[in-house]
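Next come two complexes built around subunit A: one with subunit B, the other with subunit C.
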Partner chain A sequence: MSDILAAILIALADDELIIGHRHSEWTGFAPHMEEDVAFSSIAQDEIGHASAYYSLASTMVGQTPDQLAFGREPGEYHNAVLCERPNGDWAYTLARHWLYDNADALRLEALERSSRPELALLAAKIRREERWHSLHAELWVKRVAEGSVEGRGKLLHALAEAFAEVRGLFEPFDNEERAIAQGWLTVPSPVLGARFVETTTAALDDLGLPVEIEPGAITTELIASSSGDLIATDEDSASITPAGGGLGGRYGRHSDDFKALWAAMTATYKIEPEATW
Partner chain B sequence: MRRSTIRPRRRPESLVEIYEVFRRSGHKQPFEHCGSVTAPDVGMATVMAKECFTRRGEGRHLWVIRRADIHTWSDDSLPDPAADKSYRFAHAYRDVVKKRALARSRAQADAR
Partner chain C sequence: MTTERAIWDALEKVKDPEIPAVSVVEMGMIKEVDVRGGRARVVILPTFTGCPAIAVIEQDVREAVGSVTGVEGAEVEMSYDPPWTADRITPKGRRELKAFGLAPPTGNGPVLVTSIGLPKTALCPFCGSSDTRNENPFGPTPCRALYYCSSCRNPFEQFKDV
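Right after this comes the complex of A and B.
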């Protein structure tokens, strides 16, 4: 049973690690000096959260957090496809940051009520830090939304692009129903997804950003996805691609973007896996 | 999409202002200047300050103040004062206890 929980913790960690890695790619390139430091700090926070989830899982699976973070094959990572997409421009980075942290806030709120005290405590701790990430994203999105037509147009385009894959964050975990039955998870992912659509569309309305979302897109398609047709059957990892709509990540199906990220992220670890830093 | 003529284009440098950041390391510590950030408004300045100046756990309390709102005072001629002011330091009164005891004993002697 504990391997079911470990797999969920690892998937949560993978989301944080991969988005943290993408955020960190802005170090030295962010729009201004303060943002460079701020966004790098947020990236470090996300990777720190990943490390905390991996640490919880590590005792259950008998692997170190480093082995979990860097010692797996691409198909063994269960992050949502949205997290692995390249940063593109600042607008896309911002749109994804805003969507991801809104989604993470809902997820953490549910995890805080987990029947596993160590997970509930960790979620509460992470949530205190995530509040600041959400505020950072919100202030930026609001400012760009109310700013020049050019910036607003870029943001709208980026939000639509990121939103098209956001459902991957609410794709059910492996054996999710058993984790729910145990009270380890308190809200099914598709229910969280529906809540997310509700709060996010309301927030976008408030910002005057008309991002079109197909009604029921997240909930209905997610339920369909758990039927198994998205589970990778092809053993050749090179031909495994995401299922579209940002789905597939929770089953180890990633885009080519992920393979490039994975190669860069694990390069140092592979040279000397036993090295300590 | 709305037409771009509604909002006049502003020069980029006018979009941000400088905010001075003060930080304390604990409840009993004084707030001390730790740096400055440029930001378009006080909300953004506060978030930037939080990420830039507390990211290593240096403190949990910040003051963020628009530089334009700070009243300053300075006078570069001060190193050359009109009179000796050293007596204004406490150390100038180091032997005052001794002097007072001496004066008291003299006064008692005179009274006798």
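Right after this comes the complex of A and C.
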């Protein structure tokens, strides 16, 4: 049974590691210096959260957090596809940051009630830190939404683009129903997804941003569509149809974007896996 | 002096390498110290999950406790129970943070105050003015935010509320 929990912890960690890696790509390149600092710091937080989740899983699976973070093949990572997409422009970065941190806040609120005390306590700790990320994301989305016509237009476009893949964050984990039965998870992912649509719709409305969200956007069954760039790297799950709409990540199905990210992220580790820092 | 008292004294000399002015005890990071038959156990509450200094602090605590007379083995644990919060910093710790040039946390968490949502201002650690503004809710370490004092015209950092 502990392998079921370990797999869920690793998927949670993978989301944080991969979005953290994307945020870290702004180090030295953000449009102004304060944001260079902010995204670097947020990246450090997210990677720290990933490390904490991997640490919980590591005793269950007999691998170190570093081995889990950098020693797996692409098809073994279970992060949502949304996390692996390139930063694109500043608007996409902000849109994804805002959507991801809103989703993460709902997820952490549910994890805080986990029957596994070590997970509940970690979630409570992470949630306190994540308030700063939400504050940062809200500040920027609001600033751009109330700003120039051009910026607002770019933000609207980016929100629609990111939202199209957001459901991957609410794709059920492997053996989720068993984890729910044990009380390790307290809210099924599709239910969290429905809450997310509700709160996000209200927030967009408050901001006066007309982003069209279909009512069943998240809860709709995991419809298989063949968007060409999704790759299947895990032969064992070949029975699962390659997914579109941001789905597939929880089953190790990633976009080509992930391959490039993975190669860069693991390059140093692979030179000397046993090195200590 | 009991071994336990001696361990607390030893811990007073362990500092966060990024804030060398304040001990881990004053920062409220030590949850408990246990001594049983020469075996010491210390539980640390990390300030921020992603704090890169934690591994160094853990090592320093192990060494400090291990060198106390009467201690034959030291065990150091990390815990999030309870989560470390800003109100764990002792009054002495707050004074030391300020003397180091780092504004202590407000204790209010991230609070929205203006229409574009800047966090509540901190008191300037140099001149004490409240005429300060947040420049960035993030800073050079996970635990710091950047401010500017409009009164003495110094930039400064605050240990963030969490």
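Criterion: the second predicted complex is superposed on the first by the 257 of 277 C-alpha atoms of A that agree within 3 Å, B and C clash if a C-alpha of one lies under 4 Å from a C-alpha of the other, contacts with A are read in each partner's own complex, and residues count from 1 in each chain.
Methods note: contacts are C-beta pairs under 8 Å (C-beta built on N, C-alpha and C of every residue); 3 or more make two chains touch, one makes a residue touch a chain.
Just so you know, these numbers come straight off a predicted model, no measurement behind them.
Undergrad: Would you mind checking whether subunit B and subunit C clash or fit side by side on subunit A after the superposition?
TA: Pair status: clash.
Undergrad: Have a look at where A:135 lands relative to subunit B and subunit C in the superposition and call it first, second, both or neither.
TA: Touch status of A:135: both partners.
Undergrad: Going by the contact rule set out at the top, does A:272 touch subunit B (first), subunit C (second), both, or neither?
TA: A:272 sits against neither subunit B nor subunit C.
Undergrad: Have a look at where A:124 lands relative to subunit B and subunit C in the superposition and call it first, second, both or neither.
TA: After superposing on A, A:124 lies in contact with subunit C but is clear of subunit B.
Undergrad: So in the superposed three-chain picture, is A:51 touching just subunit B, just subunit C, both, or none of them (first/second/both/neither)?
TA: second
Undergrad: Between subunit C and subunit B, which one touches more residues of subunit A when both complexes sit on the common chain A?
TA: Result: the larger residue contact count on subunit A belongs to C.
Undergrad: Check the residue A:148 against both partner chains and state whether it touches subunit B (first), subunit C (second), both, or neither.
TA: First partner only, subunit B.
Undergrad: Pick one for A:37: touches subunit B only (first), subunit C only (second), both, or neither.
TA: Once the two structures are laid over each other on A, A:37 reaches both partners.
Undergrad: Out of 63-71, 81-89 or 99-107, where does subunit B run into subunit C after the fit?
TA: 63-71
Undergrad: Identify the overlap between the subunit B-contacting and the subunit C-contacting residues of subunit A.
TA: Shared contact residues on subunit A (touching subunit B in one complex, subunit C in the other): 34, 37-38, 41-42, 44, 132, 135-136, 139, 143.
Undergrad: Provide the residue numbers of subunit A that touch subunit B in the complex, in ascending order.
TA: 32-35, 37-39, 41-42, 44, 132, 135-136, 139-140, 143, 148-150, 153
Undergrad: Spell out the residues on subunit A that touch subunit C in their complex, using ranges where they run on.
TA: Touch residues, subunit A against subunit C: 34, 37-38, 40-42, 44-49, 51-52, 117, 121-122, 124-126, 128-129, 131-132, 135-136, 138-139, 142-143.
Undergrad: Report the residues of subunit B in contact with subunit A in the complex, numbered from low to high.
TA: Its residues touching subunit A are 1-4, 7, 9, 16, 37-41, 43-44, 47-48, 50-52, 55.
Undergrad: What residues of subunit C sit close enough to touch subunit A in their complex?
TA: 48-52, 79-81, 83-85, 109-110, 112, 116-119, 135-142, 146, 160, 162
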